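Some structures to go through are shown next.
Both complexes shown next keep chain A, but they swap its partner, so chain B is in the first and chain C is in the second.
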Partner chain A sequence: MGQQNGQAGNGQAISVEQIRRWLLAYAHRIIEQEEYLTALDADIGDADHGTNMRRGLEKVKERLEDPDCPCNSVGSLLRSVAMTLISAVGGAAGPLYGTFFLRAATSCNNSPAITPAQFAAMLRQGLEGVKQRGKAHLDDKTMVDSIQPAVEALEAAIGQHKDLRQALHEAAEAARRGMEHTAEIPARKGRASYLGPRSIGHQDPGATSAYYLFETAAQVLATPAHRRESPSRHR
Partner chain B sequence: MSGVALAPGRSITASLEGMVLAYPDLLQFHRDPDYVAWAVPPTEEKVAVISGSGSGHEPLPVGYVGPGMLDAACPGRVFTSPSPVQLVAATRAVAQEAGAVYVVKNYAGGVMTAEMALDLLGDEAIPVRTVLVNDDVAIPDPARRRGLGAAVLASKIAGAAAQAGLPLDQVADLAERMVQNTRSLGVATDACTLARAGIREPLPPDQVEWGVGIHGEPGQVRPLPKDPVLLLEEMAEALRADLELRPGEPLLLMLSSLGGTPQAELYWAFRHLHRTLQAMGLSIARHLVGTFITCLGRGGWIATLARMDGQLLELWDAPVHTPVLHW
Partner chain C sequence: MIAIVIVSHSRCLAEGVREVADQMASGQVTIVPVGGVQDQEGTHLGTDPMAVLQAIQDAWTPDGVLILADLGSAILSAETALEFLPPEQRRRCRISNAPLVEGAIVAALEASLGGSLDAVNAAAEGTGSLVKVARPHPDPRGSTP
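Entry: the complex of A and B
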């Protein structure tokens, strides 16, 4: 173990292969949660978030499993995911998730691996892109409510030199709390905002689908890059 | 009742194929990315008018594609705005150097889709102006008002202005002027067919929902007045007050079914709306009654009232040849 991660603390690198596995896990999570996401959206929106996201993430899964998937750098991988989502997902979710991954991609150079600090910076860029695109702030009851606390927790943990596993765990917990908090506040953005105070008591579907990003990151990225549990897809 | 084949998020492809089959001389369905454009492209160079919209609001948007109105429509899935890639494909196909106007109803998804399409078009040499449609008086804050019937009116005005050879900025300004002078209000008489949930909590027969959107966004549940005519009078007053109309101004009144209202009830409602407005001393210069913008098969109406002027009336009267509007 540790042949490539000589640095101490959270200096361990995240490879493009790990990023690919993380996004695959995310795709699986969305696909299996389609009905739940749609049910949340039926309560306060227009009942299409699950279907919409499932359709997009199925395309992402196909793309990530395709041997021609651009897996030589984190940036090109993220850009490919972004374009797939922009093409396949309508509604607000397509532009928002598309922007998240597109902006995240621009912060990565063409290296095949990134440091945890670069990973946090990448997610920070994605967050800022989403806030700009959706003109949303914290507590508007949107996906920002799970992403922003998670990015802040990740940045703080990495700043305190916690190891990657712990940092990702704290980020996922912050995302989960942020997601749950959306049930306590009224919507100020999106279709749910027309409900005003009647949206209180319902968890936001977008905050929920965004939480899965951090939940799956904690599950997948904490595993060291060189420990391949599954056979390589390039046979 | 609807719901056999369509629900939020469902594909609209077969429905679009049917529509194009019904109007083969007018429409052509381009696939992957999906958009509908004229069967016979225009020969002259002009500004293109393009509108994206979720489906479930038929005949909007595809029913307004044709000479004198939309050059292309990009329908998304049911109640879901299209992907930006659809808008980009339609823009590249129908817009030339003269540019394009996007008619965008004010919903988070639609607005972001248009912005993202512009990002993707980037530095391509197609100038685009977005006209935001926000005419729903049920929302007090104008910035948050949803797009309803003014989408039809703005598309007609933009299409006529483009056909007349006006440059991009004038086409967009005229469409914006149309939006600024238009107000709509939706009132539903039954519940909206929704998704996996099937039909939402049914609306009791003695109640109506005031100020509904076209995606089942709930309005305010109110008792149906003992004399239902009062409902139409109240709708007319809400529109008049918000537009701050004065007697003598020429008006356009459009009454659309939400999709499930019987014709007889639609004309009944039109009579009372028309009478009420006339009793206010207002003059209806143009009117439309029918099915123009809907919420799947919901019962109820969207009343749209617009303050016209000489130029807007001229553009409204200009020839149009689409599945829905043709004169």
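Entry: the complex of A and C
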């Protein structure tokens, strides 16, 4: 599509091993924030978002730490994360995050490493998948409210040839602002929508768990993985 | 004859709906209940797309499968399950907009009479406007003491 190869612009490529470390960091973050996510969901939902996500991400963590985990391509790694989430989460977040990773996977088949531009394109596909599955738009007070601004910020920064570290930082900041903005608006999708205007003043749990995706990406993906085998694999 | 899948957050609710619907169809219609999620700690409220996929396959008939769901992730899980079916099977499945209990009862009845997938779904969705309690005279609240 007229796009230069991996070495052009924005510096480093992102390896499948880095993607694995990112998703492992995300799993740890979710497991550690279980109670907080559930407390947010107790305010405007059915008090299970933390439990649902912890259940799913514990399985993802097991999968990612398994030496037989399909780590030869970004696509197969994301696909196995998607399938794990689809069958283990149990709430709306299962099909939504599952669709996110499934769509992301199809945009980067068989690549052992991807460029920052391909990474952004992959997240864009994931976002479109979530919006399609949930029929949600920006400002419906859902996970879309943190994913969409993050993807847009990432695309813009990469388009301006900023380096990957800076681009990921801007994406995480956009996700954080989007997440905080959900506290100011009423819910129009999901269980919280039954509360209508009474949901104002409460931050959306799904937007919060989705923020961690970009927060951990900024922490993990900006530093290249020097070896394919990370010490954490043998813990 | 079409088959019916009942998707609920609660396994008990799905089984209960199957029970009341089954009575209308004198046991002639295949009705498969599915609900809840399992982990090491037991069964929890929720829905599992892969379990819904299994239920559709268990219920499968070329005449088609009508899926009735409660709300939220039950719908998302049913939609996700359909994506994993081969296209020719997916074409013979419908996720209904019908209310779960009334919809299931009417769907079971229509299915047992040999209705097509779309006819059964239309009848089930028609129960959405069912009037349960007639309220001919709205409260005259204009002159409260």
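Here, the second predicted complex is superposed on the first by the 218 of 235 C-alpha atoms of A that agree within 3 Å, B and C clash if a C-alpha of one lies under 4 Å from a C-alpha of the other, contacts with A are read in each partner's own complex, and residues count from 1 in each chain.
In this text, a contact is a pair of C-beta atoms (placed from the backbone, for glycine too) under 8 Å apart; a residue touches a chain by one contact, two chains touch by 3 or more.
All of these numbers come straight from a predicted model, not from anything done at the bench.
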| item | value |
| --- | --- |
| Room on chain A for both chain B and chain C (clash or fit) | clash |
| Touching partner for A:S87 - first (chain B), second (chain C), both, neither | both |
| First (chain B), second (chain C), both or neither touched by A:N109 | neither |
| Superposed model, chain A: greater residue contact from chain B or chain C | B |
| Which of chain B and chain C A:R191 touches, first, second, both or neither | both |
| Touched partner set for A:P95, first chain B, second chain C, both or neither | both |
| Touched partner set for A:Q160, first chain B, second chain C, both or neither | neither |
| First, second, both or neither for A:N72, with chain B first and chain C second | neither |
| Partner chain in contact with A:A42 - chain B first, chain C second, else both or neither | first |
| Interface residues of chain A shared between complexes with chain B and chain C | 46, 48, 51-52, 55, 86-96, 98-99, 133-134, 190-191 |
| Interface residues, chain A side, partner chain B - complex | 35, 38-39, 42, 46-48, 50-52, 55, 86-96, 98-99, 133-134, 189-191, 193-195, 198 |
| Chain A-facing residues of chain B, complex | 7-10, 33, 54, 76-85, 107-109, 112-113, 115-116, 120, 139, 144, 146, 194-197, 213, 215-218 |
| Chain C-facing residues of chain A, complex | 46, 48, 51-52, 55, 86-96, 98-99, 133-134, 190-191 |
| For the chain C and chain A complex, residues of the former touching the latter | 37, 39, 44-50, 72-73, 76-77, 79-80 |
